[in-house]
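Note that the chains take the letters A, B, C, D, E, F, G and H in the order they are written out, and that residue 1 is the start of every chain.
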Amino acid sequence: MSGKLTMSTGNKAVAAAAKMAKPVVVAAYPITPQTEIIETIADYVASGEMDARYIPVESEHSAMTACIGASITGVRVFTATSSHGLLYMHEMLHWAAGARLPIVMGQVNRTLAPGWNIWAEHTDALSQRDTGWLQIYVSTVQEAYDATLMAFRIAEDTRVLLPVMINMDGFLLSHIMQPFEMTEPGDFIPPLNLPHKIDVLDPKGYGAMSPANVHYQFRFDMEKSMRASRTVIDETETEFKKRFGRTYKPVDEYLTEDADVIIIALGTLGKEAEVAADLLRKEGIKAGVMRIRWFRPFPLDMNIKGKELVVIDRDYSFGFGGVIAGEIQARYPDAKIASIIAGLGGQEVTYEDMAAFVKNRKTGTEFWFGIPQEEQ
Amino acid sequence: MYEIRIHSRGGQGGVTAARMMASAAVKDGKFATACPFYGAERRGAPIVSFVRIDDKPVRIYSQINKPDMIIILDPTVMDTVDVLDGLKEGGKIFINTNEETPFPPGFKVFRGDLTGIALRENLVVSGSAIVNTPVIGALAKLGLFTRESGVEAITDTFTDPRNTNAAKAAYDEVIV
Amino acid sequence: MMPKMTISVPHEGAAGLTGAWRTFRPVVNRDVCNKCGICAMFCPDAVIDPDTLEIDLVYCKGCGICANECPKKCIEMVREEH
Amino acid sequence: MTEIPKEEMILKCPSTCAGCGSLLALRYILKAAGKDTILVIPACCNSVIQGVYPYMLHTVPVYNIAFAASAACASGMSEALRATGQKTNVIVYAGDGGTADIGIQALSGALERGEDFLYICYDNEAYGNTGMQRSGATPLGAITTTTPNGKTVNKKDLDRIIEAHNLPYQATASSSYPADIYNKVKKALTIPGPKFIHILAPCPPGWRIPSSKTVEIGKMAVKSGVWVLWEKENDKFTISAPSRAAMKKPMPVIDYLKAQGRFRKVDEKTAAVIQANIDKNLRKIAIEAAQSEENI
Amino acid sequence: MSGKLTMSTGNKAVAAAAKMAKPVVVAAYPITPQTEIIETIADYVASGEMDARYIPVESEHSAMTACIGASITGVRVFTATSSHGLLYMHEMLHWAAGARLPIVMGQVNRTLAPGWNIWAEHTDALSQRDTGWLQIYVSTVQEAYDATLMAFRIAEDTRVLLPVMINMDGFLLSHIMQPFEMTEPGDFIPPLNLPHKIDVLDPKGYGAMSPANVHYQFRFDMEKSMRASRTVIDETETEFKKRFGRTYKPVDEYLTEDADVIIIALGTLGKEAEVAADLLRKEGIKAGVMRIRWFRPFPLDMNIKGKELVVIDRDYSFGFGGVIAGEIQARYPDAKIASIIAGLGGQEVTYEDMAAFVKNRKTGTEFWFGIPQEEQ
Amino acid sequence: MTEIPKEEMILKCPSTCAGCGSLLALRYILKAAGKDTILVIPACCNSVIQGVYPYMLHTVPVYNIAFAASAACASGMSEALRATGQKTNVIVYAGDGGTADIGIQALSGALERGEDFLYICYDNEAYGNTGMQRSGATPLGAITTTTPNGKTVNKKDLDRIIEAHNLPYQATASSSYPADIYNKVKKALTIPGPKFIHILAPCPPGWRIPSSKTVEIGKMAVKSGVWVLWEKENDKFTISAPSRAAMKKPMPVIDYLKAQGRFRKVDEKTAAVIQANIDKNLRKIAIEAAQSEENI
Amino acid sequence: MYEIRIHSRGGQGGVTAARMMASAAVKDGKFATACPFYGAERRGAPIVSFVRIDDKPVRIYSQINKPDMIIILDPTVMDTVDVLDGLKEGGKIFINTNEETPFPPGFKVFRGDLTGIALRENLVVSGSAIVNTPVIGALAKLGLFTRESGVEAITDTFTDPRNTNAAKAAYDEVIV
Amino acid sequence: MMPKMTISVPHEGAAGLTGAWRTFRPVVNRDVCNKCGICAMFCPDAVIDPDTLEIDLVYCKGCGICANECPKKCIEMVREEH
């Protein structure tokens, strides 16, 4: 790394990136393990380090709604949540995307109650995958910071105008401290120019009755923007590298070129999987890793031809299966997938476990880590 | 990779200690991560946190099961927690105490009266002695990072000179 | 690039020609009317011109409030014939 | 009266039912607010009457928002506008359901935070848009589609709930008294911080009254003391003129009840309870007004 | 049909079935086009026809929560909602399933705002597909009635103990009037015996801290029950036929045996597709229809080998594609699918349109009905 | 005092912080409620302190529910229990955040419908469980992690909000007066319909006080009039003995503020505002009590 | 399959009319569906509803674009709505009016003064004449279903004899 | 069939042996104590036996409330040594 390194948690890095982006309004509600993000922002605002309005709303439904209200006036907004907070704003997630507002949200992945459990799982965010939000999953503090900066630029690009959710594993990344470079973005994030912002001099109505013969067209326009966002993401990541030297791709690859078997995972599991690949290679198994970063829009050009896949889902869609494994299979029908369900509710999964997943893989089956074979 | 587990109590500053340790190692040009295994702990409840130090970026997020070193910031946790669980053969133990504590053989034991030092320096918050800065001094002495990096890691976090004073005292007083 | 979505611009008649809803039509007896403007004030739909007191029958829904509130009782609600 | 601008801020003609009280009220609200205004509307009758895409009838920007969400939306807007130095009025226009039931959390939160906006609840005492189900604001005895025998519990006292939030400005109004609405909205908009106005807005299909009776019934509500017009500026509580007059000798509530189909199942006992509630409330309001006088 | 026929809307049929099931508590909140269900129930209760408590809650979040509170005391409960109401209870949908409560819900499919639009679309319910609810989509008034009766029996089976959502197309089915037989269920629905109901004499705690080393096991138990529900559904449908003579399968098939191409759709589209198949067969195209009824658990034994599929999604997952097409491809990797997105926001789709989808199908592509080819 | 049962309904020992006021209060609540009770607990400190699966410490059934949802859950429970002829007490034990902020909608709805349950809010004046962020109930001037310079708006007046719902029983209490809690809960549970008790529960880490001072600070709150103990049975409003005594000569609030780290940024001006608020509130309460006396 | 489109206004009972029509056909042993194209209509606003009658179960849910018959319950809607849109060649029109109304050639036109009948029978709700029962009589006369089934369909829905009376009057008075 | 889920049964010690949290331990001077029971009343954790006034040190968190509230000031908080 080039610049000065700061020790920071994932949470603080996201807060720092949000500060750099200079949002005008931040509306958020606390929830473990996200609290540190908004507490840090509250501190920034209180100390004058950040010239924003922090709205301490009374719930997440209102957090997202206040972001919507602020955003439609044409200003930059930011929020953060996790788990039940995310679920509680579900209606407004659909709304934010349908209203085409470039809201950026830090989202700390945590499992769902009952019973209460505050540890990592991706079901919270993945079960929002139809809402029209772009979703990225990050795996290091540096990446959390960088992705947050890029999120504003991508969301606000007029070819996109959809909200972006930056996902990071609860505690595993939100609370871990790693050295990272707090790059000054300079003019990397252009000023926001919302084409449909409210203007009292040119009054318009937003969201009144939308007839059956046009509503689907608006939905198609969202999908068009999702498709366009692939280009915008590529451009943004290229520009980011040019300016700041760090390389990102929608899917991060590790030793995939010559790999026979590829572990696919999101977030910290995807990073630790690299260690599993190293271990496997020592044992003569040509393993690689694909860490899906941008999950929405879904990656369409993963080069998995001829390789076996071990897909680790830290999530589950009851009565169907792992979400990631399912969507990969859907978009890559030829894929030979061994589906592993692991890490739900903070279940401990080590690189050694992942190496074992690879060694014991059975293509075409689903395996719940930790559940005895006879019950599977 | 060098893996350290820290045993402390909610409110004692064990998490900050972990961060400063990692930070000091980074200042030495190493790579390091500090990860608190947060739960819903309350002030006073035993908690553990982890530090990993390596020459290349640390890519492991799961818990440390076979630590190279154990740091016991509060010896009273030993009543309820098996602090030595998984410690590697020949691994190091640092314990905050002013008296010799018996441990099974096969480990290298170090100690320092961090609480005493904290009380001496009046590093007390809501009745608890804060031992997270003295421990940095002690660990520098044990060679986990340089003295300078340790001091820098502290001053990055705390402005009050009592902290560095306490660390320096611990550096001098740690019993190897 | 403007996203395609339900954004509307002000435009008379956007909710249809509500006069078609009417079953009764207000008919003003101008001889009795004292031009107090009360009918215009209370017409929910603002289809009575406050100056001329003309009723815009393209939009008047025939609710009958004007007739009911007129202090001179000079508005009669007459069944629409088509 | 003469000062009320003639210009209408709503073009002809929303698809409200004939004789809609909420539309009558809105005419005067917007006249008072003027062009530098954003209207925030949650799901309710007023969200569907605006016209059909790509056209609308309101000549100020209208932001439609989810049912539970209007006060939070207004919070975000107002914070963003103020942060960027704009004085634009942010006015929520919401039904009683969107205010007293599903929207009360967001509203209560916004009031506690002291957001700078005006919240206006038009109260037709039921969920009009979905075909007249009971709301928290439906009065005792009223038939709705979910209270086919008449509601068995009292109307939620929204005004006292809001009052407990200590706003700088709060008022009640009625669509039958447009000038009063106009004046209250005008005044409210001069005051920074959260403001609340609660407007009784008779609804012909819901109240089962002829569409011609909207204004008349609204006046009967005031005359009988079912509805009291007042305003409260910081601690100054004033009963508005029509109610001051009415309170001298309130009309028996039975006349009000009898005029509406929705009360047709109210028996004598319930009618007596309703009358007693009113009497008690009027006494309380009179005392409050008197005390407020004294304190000045 | 055997018995006396009643003309009824889909809504009223669901209400009538709910009445027959004798729930003790109904908690619900109105929303178009579901209102008729709860208004009918309110009438039943007011007239004494139904001996239940109707709780007129102040929101859908509370509707689902009140159902949860009532259900855990061991009584039968029912609710109904639609669209934004469903979204607003999203958090509690996850909760109800996680709490293993056999709540039955009538769900009227309607699209999502903004802009407001009250017509049919399945995105509301499909975007709840990870919540652990069983989901059935019905296509006639009779089926709505029958499915509601069966839902109670299935949900309450101790092998299942998961909530069930009966989906019906807004207006198209909720408001259409068809003749149907209001069968008396007799003892078809056994008395509810909730094994984990609250008992003050044997006090237990529900849903407190759930450690990382067991939480995933509870999630697996939900999945096990989902899997078991396949059997329970089969048994229930068999028993239903035995008693009442009407035959149902998880996937309803029409002229599929010899078909070369199969239209797959849910709800009323799936029913009208039969007319399209008839039309196509007249033109010499061997078409058939598979109407997915039980979408959760997802059908695993559809016999589609060697056939081409035209999958119509009245839903969309932005940045991915049609939900149904995606999941079919995931579970049947060999499937040759032409994916059609049609009917969003009440977009009119006729059997003639569906016949055209078949004739113009392009396997492996996605086609948005109503959008010009060059924009697709 | 002698009548309070010795039996504890919570086994040793919840993982509340040392000196937790909310735990102290709950001890007496459950003693008063007895075994035929279901406790409903939304997300809050009291949802995580119960022990770890498969064990728990409470000896009555505890149903944990989502943060916003406790009153709705209790509604469903109580309706189901009553429908099946059971008298079991349904008691919500919720924090100030779960009551005044995210839970107020469900609560307001349940109160309006007249559900038969007891709602108890323990008020530690912040989101304790997530590490002390501000809540609507955080008082003016208090530092929390989201109000690093002290809160700039007033504490939401939850009691007046609830009062506006006209409950058959409502009271305030404090964890420093266990017998008072016991008596109030006992009485509340004899009354059908919705009941509400608001308990001030000092919280050492949140208030930045030594854990030994919980009871002392709670008493100071009463002595200074920051917190007034009262009860209201239908329309009968009574000030409870400790507050009656305190109101004769209230302790200056500055002593209360100075004793707590969370108020360390309160300047003289703010302190004066806080004192003035208290003075005004005490006057109002005295008047209300006097009027209630008169009416009897 | 016989497809009918009904034009009426919110509050006039057009939807109930559609249901009774379908119900009467079912009583005759046919299959039928009635579908109101609900919108967010208000009392007074023009609305359409549909009836399909067939010998086998009706499986079509989409709108009727080429009706066999048009029923105009409120002639005033003709000012704003193209009521004849899509009507098949030779299709039938029934209109509620007491005077002859000109229609383009090629259709079979029938009329009856349903409003007059309703007013005569005092079938008035909130000032609007309710024409949904008289129309059933008129349609029975046109042979859409039997007189008996029509009466039954009405009595299933309404207990007040004014309804059947009005229907019978309409049956007698419809001008073919 | 009982579903597997987070259902817990009452059990002492379910939240751990909270005595381990203590840094100060209450020590009662029985000679001065008047057995008023105030300490037991105010102990949030109910670890003081109301009859014997014994303190259960396995669970006592050492909060010091008992010492603070004791009218006889006969409880001293003594630093734990291990």
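Here is the rule we use: a residue touches a chain if its C-beta (ideal position, glycine included) is under 8 Å from a C-beta of that chain, and two chains touch if they have at least 3 such contacts.
In this text, all values refer to a predicted model and were calculated from it rather than measured experimentally.
Engineer: According to the touch definition, list the chains common to the neighbour sets of chain A and chain H.
Structural biologist: Touching chain A and chain H alike, sorted by label: B, E, F.
Engineer: State the smallest step count from chain B to chain F, taking one step as a move to a touching chain.
Structural biologist: Each step joins two touching chains, and the minimum needed here is 1.
Engineer: Which whole number of Å gives the spacing of the CA centres of chain C and chain E?
Structural biologist: Spacing between the chain centres: roughly 46 Å.
Engineer: Taking each chain's centre as the mean position of its Cα atoms, how many Å separate chain C from chain D?
Structural biologist: 23
Engineer: As a quick test, compute the distance in whole Å between the mean CA positions of chain F and chain G.
Structural biologist: The computed centroid separation for chain F versus chain G comes out at 62 Å.
Engineer: On a C-alpha centroid basis, what's the spacing between chain C and chain H, in Å?
Structural biologist: Using C-alpha averages as centres, the distance is 77 Å.
Engineer: Considering chain D alone, which of its residues make contact with at least two other chains?
Structural biologist: Chain D, residues with two or more chain partners: 15-18, 47-53, 56, 58-59, 64, 66, 68, 101-102, 104-105, 108-109, 112-113, 129, 136, 204, 210-211.
Engineer: In chain A, what residues contact two or more other chains?
Structural biologist: 32, 56, 58-59, 84, 88, 91, 95, 98-99, 113-116, 203-211, 214-215, 217-218, 222, 348
Engineer: Could you check chain H for residues that touch two or more other chains and list them?
Structural biologist: 5-10, 16, 18, 21-22, 61-62
Engineer: Among all the chains shown, which pairs meet the touch rule set out at the top?
Structural biologist: Every touching chain pair, ordered by label, is A-B, A-C, A-D, A-E, A-F, A-H, B-F, B-H, C-D, C-E, C-G, D-E, D-F, D-G, E-F, E-G, E-H, F-H.
Engineer: So in the complex, which bits of chain A are touching chain B?
Structural biologist: Going through chain A, the ones touching chain B are 5, 7, 32-33, 118, 140, 169, 171-173, 175-179, 268-269, 271-272, 274-275, 348-351.
Engineer: What part of chain F is in contact with chain E in the complex they form?
Structural biologist: Contact set of chain F toward chain E: 35-38, 40, 47-48, 50-53, 56, 58-66, 68-69, 71-84, 86, 88, 105-106, 108-109, 112-113.
Engineer: In the complex of these two chains, what residues of chain F are touching chain A?
Structural biologist: Interface residues on the chain F side: 43, 47-48, 53, 64, 66-68, 101-102, 104, 127, 129-131, 133-134, 136, 145-149.
Engineer: Which positions of chain F touch chain H when the two form their complex?
Structural biologist: Checking each residue of chain F against chain H gives 6, 8, 10-21, 23-24, 27, 49-59, 175-176, 178, 204, 210-216.
Engineer: Which of the residues in chain A end up touching chain H in this complex?
Structural biologist: Residue list for chain A touching chain H: 114-116.
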